[in-house]
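Below you'll find a set of structures to go through.
Here come two complexes built around chain A, the first alongside chain B, the second alongside chain C.
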Partner chain A sequence: MRATVWSGRNSVQVENVPDPRILNDRDAIVKITSTAICGSDLHLYDGYIPTMKRGDVLGHEFMGEVVEVGKGVGNLRVGDRVVVPFPIACGDCWQCKHERYSACENSNPNAGLAEKLFGHPTCGIFGYSHLTGGYAGGQAEYARVPFADVGPIKIEDDLTDEQVLFLSDILPTGYFGADLCDIKGGECIAVFGAGPVGQFAIASAVMLGAERVIAIDAYQYRLDMALNKAGATDAINFDEDPDIVEQLKLLTGGRGPDAVIDAVGMEATHGHGALHTMERVKQATRQETERGHALRDAILACRPGGIVSVIGVYGGLMDKFPAGALMNKALQLRAGQAPVQKYLRPLYERIRDGDIDPSFVVTHRLPLDTAPDGYETFKHKQDECVKVVLKP
Partner chain B sequence: MKGKAAITVYRSREEVERLWRDSAYRPKYIGDADAAVTFNDAPGDRGTEIHVDLERTGRGGRLGDVVQKVVGAEPLAKVKDDLRRFKQHVETGVISRSDGTPEGESAERKLKQRPAQPLDEAELQKAGI
Partner chain C sequence: MPFPPRPVDATLHGVVDYTAGAFHLTVFPKLAGIEGTRSARQIRTAAAIHAGYSTLTDYPLGIVKLLPYQAHLAIDAVGAVALAALPFITGQYKKGPREWVPNVGVGLFELMSLSISDPTGRGDYHGNVDKVRSANMEDPHRKIYDGGPAVRSAARGAPA
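Let's look at the complex of A and B:
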């Protein structure tokens, strides 16, 4: 089959690789109809996530048609149309039984590797380095889906691929980020990053009842999408004024947002002059994995007693963590890879009910064979790119 | 700390002890090494803790030499592989396999990962799948 493989820093290629096979009774094989490039794929592309290998098949946002099921998969049949969540979860361990699917204790066969870096292993993830299991991803014609009786959700309406594809990751991830903010109604929520996940964090905060939602980014076209499509009430373009903390104060009568969502992660671009330069150097020489401006500013901007919700991806260690602000302002720091399986059904219903149409983030549609162009366009934000969907 | 490992399995102590003795589940390496194994109830109905101590044998003696003979280097890593596979097998009914680690959790594979792309026929046979 054709598949997008990682071939070193800033390099992906579409190559012929063997077709996937059922390896366990609880596996299914899915023929992929739509797949997407995620912002977190750019961290792999840029070479900042450790334990990538040349030849790794990328991609963790995909959907398609079931073409084969193992004998332990009772809920799916050949021909079913499914969306596959990016975290691989067994559904049986103590964590899964408590709906913390991204902390699944059984789905990562490289648990020993992950334990060395993170203290504990976390779930397996499709196409996302060997730390998260070494699973082939879904920017390909076919994918093997382990624990297919737990993850995939059947799509039985005539919704288009683009309306449901993002159930695989970015819609539940954005929603999870907003859910962590304990929104009860009337809050002010600030969202760092107006990429696809940030757009859905904004839309979710609005759905959950936030009164003001402030989008923060350096690209006006993304802020325009946040204001016009996602439902943000205000926008800060830090390309015009980099002092985000002060601008957030002014927008909130001096108090600061009740909660701040970091939908940026490890490759933040703004930062303060000298610190940003130092971090670029440390990251380039692999002395530090994170450029942590977004998380630092999130902590500094959040009102005392508020919540900082981290859904942007980090991979290792970060310098200059503002522990003093975190502690003295009595902040709650919450984070995680989204437990997608928990949110699949309710978010599918919201899409069916018309509460949200996630296809608004799609700006580029490309054939799978042009995936390398898709990575470049997305990385450099050319042509007002927000989200790239690939068609095998 | 050296030579000790533990894991928690989300099943009752009775079931865990029974399956531990069952030839279909019994961890081979830990069994061959005859390490001391104890089972405790985890707090809050969270299942059963399995504790393995490589410094003592199941008969109460010291182990060291036996371990080296059976496996060579890194006995603790092999014990941890065994515990994770046992937990996976009991809780999920399968051993988790990926393209990078097709045999399932394995100390030898940690540093010799396959690329995360599907295996061809020859590799599948070699991995015993």
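Let's look at the complex of A and C:
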């Protein structure tokens, strides 16, 4: 089959690789109809997530048709149309029983490796380094889905692929980020990053009842999408004024947003000053893994007693973490890889009910063979790119 | 990948600019045993100038992005040749190898670094945007600017 494989820093290729096959009774094989390039795939592409190997199949956002099931998969049949969540979860461990599927204790065969870096292992993830299990990803014609009796959700109506594909990751991730903010109605929420996850964090905050949602990014076309499509009420373009903290205070009467969502993660780009230069050098020379501008500013901007919700991906260690501001402002710091399985059914219902049409983020629908150019276009924000969907 | 391979993108070139600049400006003359020579002064001056125009270059590690990246590379090339040639122009090479070998070595290092740097004006972008545009089944501009909100607001009534 054809698959997008990692071939080194800033390099992916579409190659012929062996077809997947059933290895376990709880496996299913899915013929992929749509798959997407995620912002967190760029961390692999840029070489900042360790334990990638040449030839690893990328991709953790995919959907398709079930073509084979193991004997232990009772809920799926050949021919079912499914969306596959990115966290691989067993459904039986303590974490899964508590709906913390992204912390599954059984799905990462390289748990020891993750434990060394994070203290505890995380779940397995499709196409996301050997730190998360080394599973082949879904930017391919077929994928093996472990624990297929727990993860995939059946799509039983005529919604298009682009309307349901993002149930696999970025819609639940954005929703999780907003859910962590305890929105009860009337709040002001600031969202750092108007990429695909940021767009869905904004849209989710709007769906949950936030009165005011402020989008923050350096690309005007992404801010325009946030304002026109995702429901943001205000936008801050930090390419025009890099002092985001001050701008957020100006927009909120000096108090700061009730909650701030970091939908940026480890490769924040804002700031043109000496600190940014130093961080670029330190990250490029692997003296730190994170460029922490977004999280730092999120903590500094959030009102005292507020919530900082972190859904942008971080992989290791950050310098100059504002622990003093976090503690003295009595902030709550909440974070995580989204427990996608928990949100699949409610979000699917919201899509069916017309609360949201997630296809609004798709700016590029490309054949799988153009994946290398798709990665470059997405990474460098060329051609008004927000989200790339690949068609195998 | 072009041939000869040019794996050094603008970001990595910037990293080398700053780290090599700092190295040559500070400890290199002592490590090379040329402290106090004209060669050491020339290398320090060249390193300071190099670091200076690096901060003004329009690449990811530039601070005030005034100088195009390609102009930066051209200055690198001229500077490397000038540094290597200087001992022979001034005649200091007659005082022995300590007065010319470091200049030539640093100049060659610079030229080697240049030879593997991607000189395109596209910065780090290595994709083919025309190919993407022709293959794209969507119209990005229309997706962003046409039509109404895609989400229903709980606070503000439907639609958002």
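In this text, the second predicted complex is superposed on the first by the 390 of 392 C-alpha atoms of A that agree within 3 Å, B and C clash if a C-alpha of one lies under 4 Å from a C-alpha of the other, contacts with A are read in each partner's own complex, and residues count from 1 in each chain.
Definition applied: contacts are C-beta pairs under 8 Å (C-beta built on N, C-alpha and C of every residue); 3 or more make two chains touch, one makes a residue touch a chain.
On a predicted model such as this, the values are computed, not experimentally measured, just so you know.
Peer 1: Based on the superposition on chain A, does the combination of chain B and chain C result in a clash or a fit?
Peer 2: fit
Peer 1: I'd like to know which partner A:348 touches here: chain B for first, chain C for second, both or neither.
Peer 2: Once the two structures are laid over each other on A, A:348 reaches no partner at all.
Peer 1: Could you say whether A:211 touches chain B, chain C, both of them, or neither, answering first, second, both or neither?
Peer 2: second
Peer 1: Going by the contact rule set out at the top, does A:377 touch chain B (first), chain C (second), both, or neither?
Peer 2: second
Peer 1: With the two structures laid over each other on chain A, which partner does A:124 touch: chain B (first), chain C (second), both, or neither?
Peer 2: A:124 sits against chain B, while chain C stays out of touch.
Peer 1: Once chain A of both complexes is superposed, is A:54 in touch with chain B (first), chain C (second), both, or neither?
Peer 2: It touches chain B, and chain C stays clear.
Peer 1: Should A:18 be classified as contacting the first partner (chain B), the second (chain C), both, or neither?
Peer 2: After superposition on chain A, A:18 lies in contact with chain B alone.
Peer 1: A:144 contacts which: chain B (first), chain C (second), both, neither?
Peer 2: Only chain B; A:144 stays clear of chain C.
Peer 1: Once both structures are aligned on chain A, how many angstrom separate the closest C-alpha atoms of chain B and chain C?
Peer 2: Shortest inter-chain C-alpha distance (chain B to chain C): 23 Å.
Peer 1: Touching chain A in the complex: which residues of chain C?
Peer 2: Touching chain A from chain C are residues 9, 11-12, 14-15, 18-19, 60-61, 63, 65, 123-129, 131-133, 135-138, 140-141, 143-145, 147-156, 160.
Peer 1: Which stretch or stretches of chain B touch chain A in the complex?
Peer 2: 8, 10, 46-47, 77, 80-81, 84, 87-88, 91-102, 104-107, 109-110, 113-121, 124, 129
Peer 1: Which bits of chain A are touching chain B when the two form their complex?
Peer 2: 3, 5, 17-21, 23-26, 51, 53-57, 72, 90-94, 97, 105-113, 124, 127, 130, 133-137, 144, 146-147
Peer 1: Which residues of chain A touch chain C in the complex?
Peer 2: Residue positions touching the partner: 10, 185-186, 203, 206-211, 221, 224-225, 228-231, 272-274, 277, 280-281, 284-285, 354-360, 362-367, 370, 372-377, 379-380, 382-386, 391.
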